[in-house]
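Let me give you the structure first, and then I'll get to my questions.
Just so it is clear, A, B and C label the chains in written order, and each chain counts residues from 1 on its own.
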């Protein structure tokens, strides 16, 4: 086994394509996550556009009903699993080690493995487009729409197996960040001194590692039903499709908080910086985040009020769902309290953060309105729900993500973005977002069902739908401005300096972009808002705090790049891809899948036999 | 699937040749790998919890036979449970040997663990094949689907553990630079014991309690019990 | 020798990992500093203890009267919980570890338990048994390997129960009791026609067209074809003529599903069965 590692020399380049394929640097992996997520954001956005154009007028025929099904399924799946989650991972990767004063994550190669598995899984799911077999049962793929007789072709198999692969990626990332945050904090950084973003990352990661096993089981059962003739959701054998809904939402509701908590963390970093005040009620923000995570396990059946769980279950879940609004509302008061009497600087990140708070309140309120089960009977499966989910996921998560992108752009690239273009982006996106999704409340309460591919004239839905479609194009324009701003500023933006915002967290204490080793000297943390403390102590002494000097990188012990995460990820996705093969002889799937298993095993063995870092220097002696 | 990750645990480790003081300075004093393994085990609880929940929800809901009572052989499985339990004992002795740096004992106990674990898998293969011959195929009824999925994934965990232990044995045999370290064996041991405790739960629920369910209405006693309890408050 | 650098506990180094560092009583019940490990003696005792518990569990269910009875559930669960925690605390030496590891594992364990209990509760208590609902409504389930279906008739035909295990699904709304004719028995029984077709008071399938009044309607479907020939053809050669195209009926039904379902059923019907079915359907006026 040891010989396997001997055959291929270890990659040792730090530039060019291979350096990106073999990198284990958390900052590069973060960037890879970011670009992949934005790519899929465009893909999911195009799918949304097709739906909006189709629905702009009554009796439209841009796409068939079947393709419309495929569009809303892939739009939901893409935006949730391939856009918002990896955008979260972008920030986790780039920022968490910097914020806790670490040189990398706890398991750098596992981190690379997470990224490649995510990318391959996402590509595998979109591979269905190439052969015209697209998943089309909705992003939650309710049984028994997914049973073989009702969903012919391979579309649902693509969905189930790719999601399984994406789950592996998320689990690996979740394990990694739990260990990193618990175990790699700089001296002095106790849990209650961690930046709120790190706290929310920890909570999100814990939710990930606890929730994803459930969807893993649900997908195993679905795959077993479809591929191996099992009976889990087969009513003829006594199976119960409701079990799928329970398993899916047992995962799905913690998943909702997996999507929103990172954005809450981002906003909790931005608002104090631009209000020139520490976060109001830091412990309350932290504990309300923890309480949300715990309570997110007790509310899943509010997605299922209309399936007939009976009055007891519906009442219980109504109460728990209304209760979870409390810690969420507490956070909103904390953000507003932070801004209260602060000297507010309305730069683009701050605008985005305030947009997040405002739109999330709207989404939260409509959420409470269908937390009440009798009211939900009216709203179930209408556009009202579509409006709600987009207010919390677009108005919430996406605004939070863009706030983060603008806020950390100077840190990540070393350049300043164009402020005016940023503000134009914000206002257009804010207006477009409301134009798109606010009319959906009315269309929904007016009876327009979700997932219909067209509608007849005379229901009074045309106006609302036309407005929504116009809003969609306003959002598209705002995103074009964002992209222009992003790439233009990379070339022409002015040098940002290491700390353009006078920010409170440790990542701003090092140069921009950060050197590969992050911290030349591991910082010692004296309290919350560690870098503010450092700066104020220095100011009291009449000094300025310089960015850390560059040191000779060869004196710092860093993990070396590796091929094995890529190989292992490739093997994992091959296992899933093999099961999708459909060429006459049914059993060809298994030998092909088995080859993927062998690749995975070779990858793991190579990985295990390779030390994390090549022996070249003694670790830099510090302290 | 979730378990792919376990096998990476041995990977993220500085070679034992490093002086321990430089190996890892962690905030909590727990090594990264051990913490990772425990977080993974916590996560795996949810994995098996969901599979067991599926079995329990569908208990007594099959509408065609064979039913558990027709087919499950509790005495044989008691023996295989005993075998797996003893493999845990062998494993813990291997860990103790590794901590004491006794390479010879380590190899002996590891081989002992592998033989016992392999014996358990042998029992499972025998059992699955017997069921197949007697007409309980994966697609036969709800009982077969839930049973084979749950015990099959447990078997897959055991097989993965066997592979892991085999690797450790080979490494110990070649003995490069004092590997595997005590912690290498310890972490494999944690995984191995976890697989054992999952089987303790499965053995109780699927064999000792559920193994005598006969006919489609079996298992409803529990339901009725619950209804009786809720009836008090109604 | 020590390879566990993390534990800067009060434990002196020479005791670390030693065989006899903690006595048996202290090992199992006492407060022991972190990082202590047992030896053959402690682990051997535990292994014997666990083996005895397994033996007791087995002995509990040896008497036939206790097999599957609800009396044994509590003792069996308690015994296995004891085994579970013995392995976790001593074999996985969680008793001697940082309390954080306890918290992590217990969080997963408790959550898994709560999730499982909640599901059992939701299915068992708040709703009547799902099977009572699903059984009379069960539809034939077409598996992907349609050509293999004749190996597993039990799948194609959802209804048969083992002898005496469950009553035949009584068609709601009257006509309870024995079927009126062999054709009707076949229709609701082994033929599985009722899974897809509706006949008022007899069957309530929704996948295929309703068959109320088919006996009279059949005569008028194709000019020159008698009602009997038409019905027979519809069973034997389902795609010969799609009924109701004119009045917009057939677009509601999945033609491929019909073809494969009917093709799956046909081989199990003898000529006599088909005659009986045709006779029965002709009586529906």
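Just so it is clear, a contact is a pair of C-beta atoms (placed from the backbone, for glycine too) under 8 Å apart; a residue touches a chain by one contact, two chains touch by 3 or more.
What you are looking at is a predicted structure, and each value in this text was computed from that prediction instead of being measured.
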Of B-C and A-B, whichever chain pair has more C-beta contact pairs: B-C
Chain occupying the middle, per Cα centroid: A
Rounded Å distance, chain A centre to chain C centre (Cα mean): 34
Chain B-chain C separation of Cα centroids, rounded to whole Å: 23
Interchain centroid distance [CA atoms averaged], chain A/chain B, Å: 32
Multi-chain contact residues (two or more partners), chain C: 100, 107-108, 111, 115, 119, 123, 130-131, 135, 138, 143, 155, 158
Chain B, residues touching no fewer than two other chains: 26, 28, 30, 35, 39, 42-44, 46, 49-50, 57, 61, 63-64, 139, 141, 216, 230
Shared interface positions of chain A, touching two or more other chains: 182, 210, 214, 229, 231, 237-240, 243, 250, 312
Contact footprint of chain C on chain A as seen in their complex: 147-149, 152, 182, 206, 210, 214, 226-227, 229, 231, 234-240, 242-243, 246, 250, 297, 301, 308-310, 312-313, 586
Chain B contact footprint on chain A (complex, rising order): 1-2, 106-107, 109-110, 113, 164, 167-168, 171-172, 174-176, 178-179, 182-185, 189, 209-214, 216-218, 220-221, 224, 228-232, 237-240, 243, 247, 250, 312, 568, 572, 600-601, 604-605, 607-608, 610-613, 619
Residue ranges of chain C in contact with chain B within the complex: 1-8, 17-19, 37-40, 43-44, 46-47, 50-51, 54, 57-58, 60-61, 67-68, 70, 72-73, 76-77, 79-80, 83-84, 87-88, 90-92, 97-98, 100-101, 104-105, 107-109, 111-113, 115-116, 119-121, 123-125, 129-131, 135, 138, 143, 152, 154-155, 158, 160-162, 165-166
Residues on chain B engaged by chain A in the complex (per definition of touch): 1-2, 4-5, 7-8, 10-15, 22, 26-28, 30, 32, 35-36, 39-40, 42-44, 46-47, 49-51, 54, 57-58, 61-64, 138-139, 141-142, 144-146, 149, 153, 163, 167, 170, 174, 176, 216, 230
In the complex, chain C residues that touch chain A: 100, 107-108, 111, 114-115, 119, 122-123, 126-127, 130-131, 134-135, 137-145, 155, 158, 195, 256-257
